[in-house]
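Both complexes below contain chain A, partnered by chain B and then by chain C.
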Partner chain A sequence: MLALGIKDYLIKTPRYTVTFRQFLTMNVDENDSLKIVGTLVAVEKEQQPTQKRIYIMAKKALLTASILAATMTAGAVQAATLDDVKSRGTLTCGVSTGLAGFSQKDENGKWSGLDVDMCRAVAAAVLGDSEAVQYKPLTAKERFTALASGEIDMLSRNTTWTHTRDTSLGINFAGTNYYDGASFMVMKDLGVSSATELDGANACIQAGTSTELAIADYFRENGMSYKAVTFDTSDQTRQGFESGRCDFLTSDGSQLAALRIGLANPGNAVILPEVISKEPLGPVVRQGDDQWFNIVKWSLNAMIEAEEQKVTSANAADMKANGNPANKRLLGAEGELGANLGLSADWAYNIITQVGNYSESFERNVGMDSPLKLARGINASWRDGGILYAPAMR
Partner chain B sequence: MFKQKTIEEVKSASRKSSSGTTSNAFYNNPRIRGFFYQIALVAGLLYFFGTIIGNTLANMEATGIKTGFDFLGAAAGYDVLMSLISFESTDTYGRIFVVGFLNTLLVSAIGIFFATLLGFIFGVAHFSHNWLIRKIALVYVEIFRNVPLLLQVFFWYFAVLSSLPGARQSLSLGEAVFLNVRGLYLPKLIGGDLSSLVWIALGAAVAGIFVLRRWAKKRQELTGQQFPVLKTSIAMVILFPLIVAALTGFPFTVEYPALKGFNYFGGITVIPELMSLAIALSVYTGAFIAEAVRAGVQSIPHGQTEAARSIGLRENKIMSLIIVPQAMRVIVPLLNSEYQSLVKNSTLAAAVGYPDLFNVFVGTALNQTGQAIETIFMTIIVYFVVNMVISFLMNRFNSAVALVSR
Partner chain C sequence: MKEFQPIAARPAPIKTVGFTAWLRDNLFSSIPNSVVTLSVIALLAYYLPLIFDWAFWSANFTGTTEDACVKEGACWVFINAWSYQFFYGTYPVEEVWRINLTLVLLVMVIAASFTLPKSIRLKASITSWLLLPIVGIAILDGRWLGLEVVSTDLWGGFTLNVFMAAASIIVAFPFSFLWALGRRSEMPFIRSVSVIFIEFFRGVPVLSLFFMGSVMLPLFFAEGTNVDKLIRVWLVLIFFMSGYMAEVFRGGFQAVPSGQYEAADSIGLSYWQKILLIILPQVIKVSMPNILATFVMLFKNTTFLLIIGIPEVVQTLQTALSNSYWLGGHALEGYLFVFLVFWGSCFSMSVLARRIERQMNTDKRD
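Presenting the complex of A and B:
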């Protein structure tokens, strides 16, 4: 791994004695390496002739550098996220800074929403407790860095699954929990009823989103011009729109619905009919930890599958005992599904009893009875004419 | 290990080495040794950073993160709000970098200009004989120096500029200048065929001022007579271009901003993001510069003023001829660091969406490409170089104002 042009040293620590070369290939933690540097320094001081002091200092610097470098490599080796989460006892989940229906904190500090339910489902599957989640609010710009740097275990923040993100950011999309598309919202008094009338208008957009790209394409394609006024958070974007800095606000349709109910007077704004892009939103994990990737992917699928099987939080206990073979497999009464993921047999049972199936989560957070009033549309199960479809649970 | 040497031993050793028959090998030569250690240190540092960079790249490769500078040639696919050069979403990330860089230079230059102006006005106002002016200077410094800059940027943007009327209800000044929530719209001079002659005349006037100044100084040294340099200069700058413009039949047209559809088009647009950031930076840094100016003036002993009075100089001459030139020695190094902070503080642009380098490159470009190391590295280099240039210029300026002993 590291080519070293210096002599081999014997390294003695309270725990082991190895040669320096061996040491470089070991997994060490920071404390160890600091102790080792300390030991080397001490040993060499005793026997150094004065003339060689600086030579030894240079050698020590080299050693320290190599040890640090070795530690960095060792530390960066992909740790198993599952073990980290288990030993920590909580899941750290990246969410938005506040978006009604998807991830929003109430006055008691409790998070709720469709994306929050995704975090809760994984916590229920892994830790058996849907409340053992630590939420990390992130702006669009911060989210991928937070995930790549290991600050969060997973990202569940209305994030569009795009080819570029999936292939070049070192991340993996674990599925889609809401199929969306970018749209426009305008104030009624602007007198605009179609996006094609927006030539020369100003757009309020959140920085670092796929919407920035979608709108550039749309205006170019239609030979129209616009000015992009970008903001860091959705609150600022909404303020910019309300103050009149922009003529329209553009984002994914579900987010427009959420932002609209946050306006001082929601009745003044309308969402235009055009949908200009595909925005499949879903949970994201770091690349390189397939076990964790599987856990998040199948936690989402368990919620979708439960709806297909008509298993709900209310009837799950009964179905587990008395249901058909598919019910029993899903809920852990039969089969090895949990064990294959490295989880307990009741992983999906915990998700469904504590969070609910996909339909329950949808209706509670964004459905017709919620303030957002979003129809299921294409987000219905394939059995009801939508495109939500879980791979086979066997 | 070492026994104490006697004086004799030391002496004879030194005699030996000076006669060239030294037993000391070349590695005991302090110069060679010093040289060697430096090389070793540099090599060690290179090795250290090389290993870190190598490991980082290897790790990024292993986790599937793209690396390298290829992205600079790829189409960005998004638009920027304001650009001093033409920019479309089909242009590259490399061009985005230049756009952001120019925007950073623009807001920094505006900020430095107005901060200096405010700083000198309020710094000198501190010594005014008028109680009210002194107090205003004090309040200005205390308020704007002690409120966090980010808050001030937000204040100007969200509280002041966002409450301006909408595009269709703009405030206007003679139907030529318009102000609304989307910015300040100014008329623009568009030059015709002969307009370059007018600009040449302006350049000639400026050059003439330098010649005039040297001539006036020489004359004063020889004859003691003073020449009204300032008044003549102002007259030259105004009259030269005006005369040429009249002779060529005023080769300019004025383009007024006009409301077309959603927005005002034509003329010059100053977007509120730029305004709020520039105002906040100027006012904030101005407060610090005012303090620097105050410190500079205070560092001049009162005896200087008294001596100047005793030879009959007027009060304003005392300030401009005696106090300020000496105070500059204290002020300029402080200005240097204030200017550098201003450039660094301009990265708060992201808070209001002004498309400066940090916002469009470390913000959006990094986010769209995921190439954190590359974008951050390039951006750091830019801020570093800009601040080195400022430092270089200010040091030159400093040696120009330093006391010259005759």
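Presenting the complex of A and C:
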């Protein structure tokens, strides 16, 4: 816009008197900008009475457009997602169109899953009601656009936290709610309990996936060999495994669990404990709204911390009144944790009573209380040998 | 006098009527044909019992959860449990009368277009067709009527396919007529704009248009201005459809003899009088089969909405298949169900279409 060589105009509003150049770099709210457009047009008319009308009109249109554009950019920086969510009364949360255990709809249209619980936790923290969520099912292609355009407040759609995404897409990952990674499934009667015993075995793999690369690396690293039997879709891979065309099947751990249930006799297959690639999945927010980023980040951490402190949905009320100082701080009986986030003092209490701590959410959706029967593995709390670790809650 | 000697009776002629004759003519007319017939019969004899066994005798019909599917065959419990979502999406149960009401209105408007007395039929049906999308949206969304607002991300299922197709074609209809007129116009600007529009939307795959609508379009909007995803793809469908229909109409315009245009000119009708009173009725009559064929195509195309995550019936099926409590592999039952629902509606549409064509075919009997 400035490169087009338009002169610098003086802008007078009830609140600001600035030059146009200055205006482009400052933050104003939308109401002010509307007034500015009005004033600007008037000023310009006085200044340019003799010029050709069409020339003025073109410049005016250009200026108005660029002011609006500038306001929008300014708006993006300032946008307070928290206020939007509060005034709307619901949280709009982007989820997957269907992924077993993570975001799934039941026959009655009710959403559940580990990713869905993340949305519910944030809704409970912000609005005090974990059901005040509007779920937007998104495909993998749409998810970042939907977040960038403001269609959703947060994205919780098994999205892998990668350097490229975090740094180049205008988004922030607010933590990891599931550490996934390529893993192995074998038939029980093979008598194998660790991937290191798989030397010389046949592998059922889906062609063209990153798993293909991960398994090649893993076997070379450990000085073992395997013979790949590739299939086009995950369903064909499962059938190949079931019909005995290979000794083990490899895919992302959470996918393996779903594939396992699809077997005619799921009890015959076991998933080995080794995880051979890094797929940390977590909630995502837009860049530029640090308060909202903090809220999502600490909603996740509150669930993890609650498990560490052994606070559950059942005993939270008791712990709030009679627990140790750490319990009381977490549950809002003491301290300023809620106020610092711009939330009420019982934000974490609401999460834990309505959604549960991380362990409850995990077991209900993907763990032992669910059909998927995933083991905690590295997703256990650091106290139990996993890598889930919430920063200090104080 | 020579005594009459009857010649020996000839064998009876091969029967040319009746069931055996039909069999001989159609199934056993030559050795290769007979071989093919016998092998098909053998295959059917082998597979039909298996299919029937899977679909009926060993199938599971009663129950509400996957655990009820204990028998070998099809798990129709899956379809039964999810049937509400397959038809209505996640629309609230207590509000579902609104979807049914809209469907009834749609059927009534279709019926009215063919059964009202001729004197009022044209005006009444055009008015009701144009009002239908507005009334439908008002009922389904509810905010204009003071009903409980049901946001569009709750809409879904097979009724969404029906509504999207119907709403697009109704809105696209008048536009496509204008595009067709524009393309035949003698004004260069209007003509080139029309040609570019029509050729763009006919030349681009509908999938890429859906991607544009769902992924690209929001990037051009200002921060905070969100046009609902369903409205975005509705617009895409309207554009796509009006491009296609414009060509159907253009064919119709070309089929009207030029004498009709000249006759209208010679009695001093204005351009719009000529088009609306003389030409358009003939155009619609000629184009009807193609319009209905295009509609059936659009209706089936609405299943493509699944690739942008709109919960129409196939997307709902995929969501259902990925539910961790229904992972036992019910894809076959599900897709068979979708197949039957679509085949049923498309077949009834073509029956209706044939009826309409017969009714409109006032001059040429064929």
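Criterion: the second predicted complex is superposed on the first by the 227 of 394 C-alpha atoms of A that agree within 3 Å, B and C clash if a C-alpha of one lies under 4 Å from a C-alpha of the other, contacts with A are read in each partner's own complex, and residues count from 1 in each chain.
In this section, a contact is a pair of C-beta atoms (placed from the backbone, for glycine too) under 8 Å apart; a residue touches a chain by one contact, two chains touch by 3 or more.
Just so you know, these numbers come straight off a predicted model, no measurement behind them.
Residue contacts after overlaying the shared chain place A:S370 against chain C, while chain B stays out of touching range. Contacts of A:L272 after superposition: neither chain B nor chain C is touched. In the superposed pair of complexes, A:E151 makes contact with chain C only, with no contact to chain B.
By the touch criterion defined above, A:T230 lies against chain B but remains apart from chain C after alignment on the C-alpha atoms of chain A.
After overlaying the two complexes on the shared chain, residue contacts for A:K141 are found with chain B and with chain C alike. Put chain B and chain C next to each other and count what each touches on chain A; the higher total goes to B.
After overlaying the two complexes on the shared chain, residue contacts for A:G288 are found with chain B alone; chain C is out of touch.
Legend: residue contacts after superposition of the two complexes on their common chain; A:A390 is shown touching neither chain B nor chain C. Across the two superposed structures, the residue set of chain A contacted by chain B and also by chain C is 68, 72-73, 76, 141, 145, 148. Within the complex formed with chain B, the residues of chain A that make contact are 2, 49-51, 54, 58, 61-62, 65-66, 68-69, 72-73, 76, 78, 140-141, 144-145, 148, 164-165, 167-171, 190, 198-202, 207-208, 212-213, 215-217, 220, 226-232, 236, 239-240, 243-245, 247, 286-288. Of all residues in chain B, only 1-2, 28, 33, 37, 40-41, 44, 47-48, 51-52, 55-56, 58-60, 62-66, 77-81, 88-90, 158, 162-163, 165-167, 180-182, 260-263, 265, 272-273, 350-351, 353, 355, 359, 363-364, 366-370, 372 touch chain A in the complex they form.
Across the interface of their complex, chain A is touched by residues 64, 81-82, 84-85, 89-90, 151, 153-154, 211, 214-216, 218-219, 221-224, 226, 229, 307-309, 311, 315, 318-325, 327-329, 331 of chain C. Within the complex formed with chain C, the chain A residues making contact are 68, 72-73, 75-76, 79, 97-101, 104-109, 134-139, 141-142, 145-146, 148-151, 235, 258, 261-262, 365-366, 370-372.
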